Structure formats: C-alpha cells, structure tokens
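Heads up, the thing below is written out as structure tokens.
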Amino acid sequence: MLADFINPYHLQIASFILINILLAISVYVPLSSGQLSLGSAGFMGVGAYTSALLTIHFDLPIFVGVLVGAAVAGCLGIIIGIPSLRLSGVYLAIATLGLGEVIRVIFVNWESLTKGSIGLTGIPQMGRELLKLARNVGIEPAMFGLRNNQFVYLMVFVILLILVIGTIWFVFRQQNSRIGRSFSSIQMDEKAAESMGINITYFKVLSFSQGAFLAGLAGALFAHVMGYISPSDFSYHRAVEILIFTVFGGSEVIIGSIFGAIFLTLIPEVLRFVSEYRYIIYGIMLVILMAVRPQGILDIHLLSKFKRLKRSKGGVR
Amino acid sequence: MVLEIRNVSKNFGGIHALKDVSFKIQEGEIYGLIGPNGAGKTTMFNLITNIFEPTSGQILFHDTNITGLKSHKITEQGICRTYQNIRLFSQMSALKNVMVGGHCRSSSGVFSSVFRTKKQKSEERGLTQKAEELLDLVGLLEHKDTLAENLAYGQQRRLEIARALASNPKLLLLDEPAAGMNENETDSLYDLIKLIQSKGVTVLIIEHDMPLVMKLCDRITVLNFGEKLAEGTPYEIQNNESVIEAYLGREEDVEIA
Amino acid sequence: MLLEQFINGMTLGSIYAIVALGFTLVFGVLGIINMAHGEIFMVGAFVGVMTTGVLGWPLWLAFVASIVVTSILGYLLETFTLRPLRGKRGVSHLAPLISTIGVSILLENLSHHLFGAGNKPFRTEFAEMSIEIGSLTIYIVQIVIFVISIILMIGLSIWLSKTKAGKALRATAENLETASILGVDTKKIITLTVIIASAMGGIAGILVGMAFNSVSPQMGLAIGLKGLAIIILGGMGNVKGAMVGGLILGLSETFLVAYGDSGYRDAIAFIMIIVILLLRPQGIFGSKIAEGR
C-alpha cells in the first residue's frame, strides 16, 4: 500500500529542503552577476509576513498571497538594488545584512500589525486548504488509501516540488542565454562588460531583484507550511545559513546551491544522535571545507569531469 | 568625419592628464595615437568610451555629441575598444566571450530567453555563427571552446579584438594590441588590422611598436605630457623636430642609463 | 540629565570603538572581514566572568587572563582558518567569510555548552559605587571603562605610528607585496595583527561585561554586528574611523533610548550604515579608489 511508504516526518523534512533550495538559489542568482547579498532572510521575511497578513486579514486564497508576497519582496529588491549598485564585495554583503536586521527590527516593533516578537499564528496552512479543496471536488484521501495527515504532507511536498523544479528550469535556461551571459560577464569584469555594450545597471538590478523575489517566494511558502512565523525566523542566523547553502555546495553552478541546501538541511537531522554537539561539528566542517575546497564542493571543473566520465563510459559500450 | 575630439581636457585632482587636445579621424582610416608612457593615450580612450568624463571639451561621433553618454550606449552607437591589460571574461570560453560582444546587437529579454521563442532561437544561432566567423577571422576557431584564461597571450589579444568586432563597431579602439607579441605575431596582427580596415571599420590605435605604427597608420597624433605635440602622416611625424626631440631625447637617456 | 546621557553614550561608544578596532585592523591588513571577532570577544567576556566570579581573581588579573586566552584564539584562527586560504587559487572573498563564520558558530555553541545559555552577571567590587557631582551621577565603572578604552586607543595609535612593528603593519596594510619586497616579514605581521585584534576583543569583552553586568554566548553576535556597522561607517580598515564611528554609534544609541523609541536601538547601527553607504560608500574617513586601465 502507498500508505506504508509515506512518512509525514520525512515528507516535512523534504519540504524544508525544497524551501531551502529556493533560498539557496535566491543567493545564487545575484551572485551570478557578482553581487553578494546577505539580504535573503530579510526578503524572505517580507514575503512571509505579506502573504500571512493578506491571507489572515483579507481571506485571500493562499496562492494569491504567495504571489503578492514574492512580488512585494521583488519590488523591494528593485528599490534596494538600485542604490546598492554603488557597492561591491563585502560592502554589499554587510549593507544587505544590515538591511535584513532593519527589517527584522521593524517586525519586532510594529506590534499592531506583526504582533511583535511573538509573531503571527493561525496562518492558513497550505496542506489543510488543499485537503478542503480536494474534498469540495469530491476527492477523499481514503480513495488513495491515505490517512488525512499523509495526504496533507504529500500535497505540500508535491506543490513545493513543482515550484522548485519550475524555478530551477527558469534559472537554468536564463543562465544559458543572452541574460545569463550578461550576468557572468558582469561578474567576471564589470568594466569590460560595460564597454561591450551591456547595461550594467539593468542587469545587476534584474538579478538582485530576482533573488529578492525568490527569497520572498520561499518565505511566503514557509509561512503557509509552518502556520506560524516570528521575527526570529528571519534573523542573522537564517541569512548566514542561506549563504552557507550556496557557498558550501559551490557558488559557481546552480547545482551547487541545490546540493548545498539538501546536504546541509539533512546534516543536522543525521547528526541528531550527537544533537548537543551538532553545531560545533557544523562549524568545524565549514572551516575544513573552506581550507580544502574554497570554491565549494561542486564547481565547473568537477562537473565537466563527471561529464567526460559519463561520455567515456558510453563510448566503451 | 567618424570621430572628432574637440578641445578635450581631463584633470585628475589638479594633475592635467590631457590638456586641450583636438584631432579628427576620417572614415576608413587607421589612425595612430602615440607618445611616451604617461602621455595620456589610454586616458583618451577612457574619455572616448566615457569611463571618465572629460573636464572640458567635446567628443563627436559622426557629428553627434557623445560626451557624457553612458559607456554601454557609446558601444551601441558603434565604438568598441580593447584594453592595454587584457580584460577578457577569463572563465568563459572563447566563443562565449565573442558572443557577449554581440550583446548590443541582440535583444532577447528574460521571457524569450526562458521560453526559447522562435526569434530568440534564431538570434542565438545568428550570434553563434557570427562569433565563429570572427574567431575564424582572428585564427582562433579551433580554440572556440577553450576558456579565455587558458589561451596564450597573443591569442588573448586577438580574442579581445574578435570580441570588440562582434559589436559591429564603426570605430575600433585598439590599446597596444602588439604589446608582448613576437615578430611573427606582430606581422599577422598587421594583416588582421588591414583586413578589419578593408571591411569598412575605422581604427584608432595606441601602439609603442614604431615600425608597426609607421607601416599601418594613415595619420598619427603624438601626445606628450597630455598635450598634442604633432599631427600628420607617418612621414611627417618621422621628420618632425619636436617629435624627434621628445622621442630621441628619451631614447638617448635610456641608452646612457 | 543631558550630560549624564552624554557620559553614558561616550562609555558605550568607547567600547564599540574597541570592538570595531579589532575588525578594522584585520580588514586593513588582510582585506577580509573576521566574522568570528564577535565570538572571540564573547569568550574574552566569559574568561572575565569565570576568573573574577568563580576564581575570585582581581580585575587586573582577569584582564591578563582574557588577553592571554583571546590571543591564543587569534593565533589559532590565523593558523587554521585564514592562512590555508591565502594565496590559494580559486579563493574568492567568500571563502574567508564562510570560514570565519564557521569559527563563530563553533565558538558560540562551545560557550553555550560550557557556560549555559543564560546571562551571567559580571560582578566587580565597585559595581555600585558612584560619584555625585551636583545632580550628576557617574558610576566608577564608567570611568574605568572610558579610561581603559582611551588608553588602549592612544596606545594603539602610538604603536602604529611610532614603533617598527607598527610601521611594518601599516606598510603591510598599504600593500602586502611591496611590504614583503621591502623586507617586512608579512607572515609574522599578519599573525601579529590577528593576535592584537583578538586581544583587543578580549579586553572589550570584559569592558562590556562590566558595563552591562551581564555576559551570554549570544552577545558576540549582537556586538559583533555593531562592530561591522561601525567599520563601514568609519571607512573599512581605517583606525581613526573605527574610533569616531564607535563614539557616534554609542552616543546615538544612548540618546535614542533616552529620548526616542528604544525598540529601534539595535537597528540604528544599520540604518546609519545604509544611509552612509548611499551618501559616501567609502565611509567617513575612507578614500576613493578609481579604476582605469
């Protein structure tokens, strides 16, 4: 039976992995045009709060809330992206980190709207809404031999999976086009890119706000998966965690972000048996990795090696 | 008139990098810009491509004022350059480098790039084809998949020229293209620049290799300490008293030292 | 009242300045942001708490202990996290950032483990003592903090400008290659820089412990982020900028709490840097670099 294979706990972790992949990509995209942004946690918070408030107070459907949340974060990305053009490298990193902190402090202090540091509860949950919807059309989880909570977690997972695959497809295709070439030329040599006729302002703001949009999207989804959010979900720690996904996996290639998000979300789960020491191990691991492979686990050279290996195997056959 | 430099000056914090320089470049010419180190040659390139704005004076391209226009707009107008210190996109293949050069002659946006519309596909094919032709022109077609940073020095210089040509320039600015090249490479560079000229591109070249400059250029401007010292044909320049003084005086110094 | 707030602000600001100096020294010489600096500072504070509170040592000995421990931490940081990344192919500015973040995670959780999550009080024999001048109340602690900070800043300035090692450090910060051609042992100077920066963090740790009478594993992050904001404010790698930036931040925070909305206290630092980055990206004392060839 299908029901025997579906473990809600595993599905939930899988859902968090998917959200984290979106977040990792939200750092990867600006980075592909040479902009190191630590603002993802802040943009994530903007998306989460926007969508949560809209669905709670105005009874909007979840998907509308998520879209608006992501769009608001994306617009904020444009507004922040334009003045940030003057900054590069670590300056931009710290400024965006600061932006995230400012956003978090606003969430804490704007109590009439955000309920302060306690956070928002009673956010409509995506899984439950989907179950309701299914029942309205006359579909019961029992028809597939599933319990209600299994159905709920499965639906959430499937929706997130579709969104993540769509995002990866989007970014991948964009990367292999005129847009992607402009991003990477700016990353490699901004002045030369400009003298090749590339409008630096446009493309940098484009990639920065795409990152903000993705972070907002991930945040809004996070709110509707969790059902409650508080400012501490979008703190410095989250910003750093997201950056680490991308850099650990390899920031040069999109597959690196995906790998980093999967691996680093799983690690604390796997290390549960040493739960007390897991963050100590995590810290040591980062130091060792950077010393051994500063470009992250996956890079272009490693990937092309894989490709050659595959090809040569095919040749033997 | 392809390019007119009209009374251009540039100060950097009180230092005159260029002082009241004027010259005009005719359609189809190869025009030389020479002078000792620090004479302001590269600064002139940076002003033409608006990396800096001139302190005073005007730059006209095909009789329109382009002073203060954004760099990427200037490339769109039809001026493209190479750099004295090679500035390729080092982690990109040779082919992609040249394709980036074709950026301003293509127009696909985010939507058409992601959904691969018909127009986008044919545009990409066109860009690839043109990039391959240009790589062939500079003799790098067999290296099209090599990363730019892995090319030999002379090859990198030629790749930079191919990249600049991909933007369909009417005026090509070359900043010391022969630097670091041996005699054979310089000879084939001569052929390449002549070929580029024959395709209707006007060339403005900064170069220290005097035999090459004298052989290549139709007319020359000599800069010294940011000021125009002389202008004329290679023959006139070679026989100009003040140029000889500026150059030979220096060379004697070098020999004595 | 106004004067009292001013004194509070100067006290806080002088501590911020010391923290920021640690960041700025490392950035000036190595061009990297040491994200673990806040945590080294926190460890210094805990050494202070343990030696004075548990072992009952006098304050001056606590300072010595804290300096020793944080110097060792600085040495280890340089040897195991920063040095392996130097001069290696394919190392972007991301690698040292992540690597030092790794150290900060390690130190924070280690302290959590050793000392527990909660706040520890920092007792000094003169914690409650104060002087009254008219209606003005000044705590002895404030005077001690202020005096130590000022001595430290003046000492560092003199050391940098007058001694051979200090001059070598400045030369290395100016240009590492040139310095090494001129015979400066840059490897030694870099190690020395990281150690000095860390030791200053240790001293600042005790000062903060005294000022707030409280030490916790999370304080490294809170104060560390402000240190980062200050060096942007004052100009990265600029010693004078770190000092002035620290004082400006300390004063503005104090006055905001006294006359405005205390909820936004922790955001001021970042609002300030966002404004300064827009108006003057190189910081108050920074200088601009142009690019042309």
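Letters are used for the chains, namely A, B and C, taken in the order the chains are written, and counting of residues starts over at 1 for each.
Everything below uses one rule, namely that a contact is a pair of C-beta atoms (placed from the backbone, for glycine too) under 8 Å apart; a residue touches a chain by one contact, two chains touch by 3 or more.
Since the model is a prediction, treat every value here as computed from it, not as a measurement.
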Practice item. Could you tell me which two chains share the largest number of C-beta contact pairs? Key: A-C
Check your understanding: Could you name the chain whose CA centroid falls nearest to the centroid of all protein CA atoms?
Key -> A
Practice item. Find the chain most remote from chain A, comparing centres computed as mean CA coordinates. Key: B
Point to revise | Whole-Å separation of chain centres (CA-atom averages), chain B against chain C | key: 49
Study note, to complete from the structure: Rounded to the nearest Å, the gap separating the Cα centres of chain A and chain C is 32
Check your understanding: Roughly how many whole angstrom separate the Cα centroids of chain A and chain B?
Key -> 43
Review point. Out of chain B, which residues touch more than one other chain, so two or more?
Key: 51, 83
Revision key, fill the gap. Residue numbers in chain A touching two or more further chains are 191
Point to revise | Where chain C touches two or more other chains, by residue | key: none
Check your understanding: Once bound in the complex, which stretches of chain C touch chain A?
Key -> 32-33, 80-81, 84-85, 88, 90-99, 101-110, 113, 221, 225, 228-229, 232, 236, 261, 263-264, 266-267, 269-271, 273-274, 277-278, 281, 291
**Study point:** chain B residues touching chain A - in the complex, by the definition given at the top
**Key:** 49, 51, 70-72, 75-76, 80-81, 83, 87-92, 96, 99-101, 103-104, 106, 108-110, 113-116, 120, 123-124, 127, 163-164, 167
Review point. Which part of chain A faces chain B closely enough to touch in the complex?
Key: 170, 173-174, 177-182, 184-185, 188-189, 191-200, 206, 300
Check your understanding: For the complex, which residues does chain A have touching chain C?
Key -> 36, 83, 86-87, 89-91, 93-95, 97-99, 101-102, 105-106, 108-109, 191, 236, 240, 243-244, 247-248, 251, 276-277, 279-280, 282-287, 290-291, 294-295, 299
